[in-house]
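Comments concern the structure below.
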């Protein structure tokens, strides 16, 4: 009786097709990917003693190694600062071109965004490997890798900021016949400067993290020493490098966070 | 003595004899020193439609939540059906809460779940944990859910997702969920504050019907004096945690109510 | 009033007027230090010719490598890369849930020992370099994609745990309140209110983290942890630029497809 005014459920709802479908898909993907990656829980535990040995040796950091790695740590930060800056310089024109409220030419904008999307797909270590092949081992390859990596990231962050600006001042200047460059300088930049700097610092944080491992492939900085210590099974040194890296990254994060709070 | 008056007085006397809720010198001071409630002392007879009015921050919500122990009092005692609520613990506290339905300003539904699931969740305290968590509700309770939805005229939306409904519809679903508890008391904390005038009337009418047809004791916190006068059997007013007004509806005057809202 | 304000003015604006110069000096010093500290030595004279052959290789990719049925071709290894990212992200998302509840601040808490320690642990996990994790797991389970899965699983906890815990801190507690007031016990509140409320956000963050995991899974192979990275580093070391070209192309297509798929799914969730 009470059921009289119940709506009819479609068969999709009645048999929970969506829920069962998603669950089945997930189970299939899980089974498929464990097969493909030879995941074997037993193997991990049967080799646990080796892993434990590694952990034990890493938990005895060779502190005297600290003096060796201070210089490369500094180099790492310098690489990150330079790479981020170069990337930003190139990102600004691309960001302006990609902003829908400044550039009305759809084709130009679309092409620009496509380039930026493509740049962003490339993982940093992969770029590092290629640039080491081109420029040889050293921090040059690292700086260029970081520049390209931050270019992709910053241009996207920037054009998204530009698209949110207040168009009032722009229209006012356009109506009095100001040139594009003048408009950008006087009406766009003041509105976005703080956010630009904030995103720059944020990217710098990410680059400091990234730069610590680039050296693993020969692109300069602390990563070179990381690779050396691992190759020599000198895990005490590895531990010191990782700890020092973590401390540096946290300090940079702290400074950058503080500056960003001041800015916004 | 007039016969009608005699019946009325006897009724009133009986009501007085069996208050379903009574506050005995209830005070609440928050840990930061803010006074929430100050020496509240009154009783609510069974079957009353009580409206509590007062400014926001006057302690209405706190007062309501001391009844089902969602808030603890710091002094005094609240009695529900002559039992001190502070005596309840764990399982017995949950059965106390089962007897007291609660309706909220923001409906508090699970947005992405179906109406049916939301309504059935009102039944949790009748089920062992594992059954309710797996969604294994009995056929009778599913029937009951339909019946509850019928009472608020929402059964045709039983398979809809909660966030597809309008505010008024969501509140009606929330009432249906509360009915699943088989409550003796309904607490409604600003139930219409997020609704438009038309749906406000629907929701208030439903509450009134539950009060009159099922004999439920209904306590409603309201901002609106007009609505209070339209629906209440009795109005109490709070100001800064103190009970400053308490009159049956027959004795309420516009002037009185305006006083409650006057700043101190 | 007027007089007072104009009296105060020079004091205020002294800093205001000159603070740009202070910043400029700081920035200049930082840059002089950064540029001066780096040695741009070791530049190969062959850089030009190498770049030329790279470009040549990129323009003429080794199409034969796309699929040859050996299981060591581009398609198989791209799929393996996706499998590493997928499995790693799923495992990580499960482990992240308890971490997130550990690190999420609650209103009741007076001293923040619990959530604070949780946040510190998550930060440490996040900062621990993923390739070092991969190398450590290679020692444990041998080279191959299994080590990659383990590295992604552990490293992602740092970020997912943080995002999840922020979602918990900002979640709407309404549904929880409703179940409590209906007489639910804490497991019931958790399973019937907390999880359903928070789930869409958790899934959305997991998808986002999957996008990142796809990128890292494609480079973990460079240290021997399976996936497309291994043939990539071989091809670079042997200067097999057409091979590098086709692999790069494969990675770009894979990442673009996964990003747009994940974006579609995330849009439907919210």
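By letter and in written order, the chains are A, B and C; residue numbering begins at 1 in each of them.
Criterion: a residue touches a chain if its C-beta (ideal position, glycine included) is under 8 Å from a C-beta of that chain, and two chains touch if they have at least 3 such contacts.
Bear in mind the structure is a predicted one, so any value in this text is a computation, not a measurement.
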Centroid-based (C-alpha) most distant chain relative to chain B: A
Innermost chain by mean C-alpha position: C
Chain A and chain B, separation of their C-alpha mean positions in angstrom: 51
Inter-centroid spacing, chain C versus chain A (mean Cα positions, whole Å): 7
Length of the line joining the C-alpha centres of chain B and chain C, rounded to whole Å: 48
Junction residues of chain A, two or more chains touched: none
Complex interface listing, chain B residues touching chain A: 143, 146-147, 150, 155-159
Contact set on chain B toward chain C in their complex: 68, 70, 94-98, 100-102, 104, 106-113, 121-125, 129, 132-133, 174, 177-178, 180-181
Chain A - residues contacting chain B, complex: 2-3, 5-7, 9, 13
Complex contact set, residues of chain A against chain C: 29-30, 32-34, 36-40, 43-44, 47-48, 50-51, 54, 74-75, 77-79, 81-82, 85, 117-118, 121-126, 129-130, 133-140, 143, 209, 212-213, 216-217, 226, 230, 238, 242, 245-246, 249-250
Chain C residues within the chain A interface of the complex: 30-31, 33-35, 37-44, 47, 50-51, 54, 79-80, 82-84, 86-87, 90, 123-124, 127-132, 135-137, 139-142, 144-146, 148-150, 215-216, 218-219, 222-223, 226, 229, 232-233, 236, 239, 244, 248, 251-252, 255-256, 259
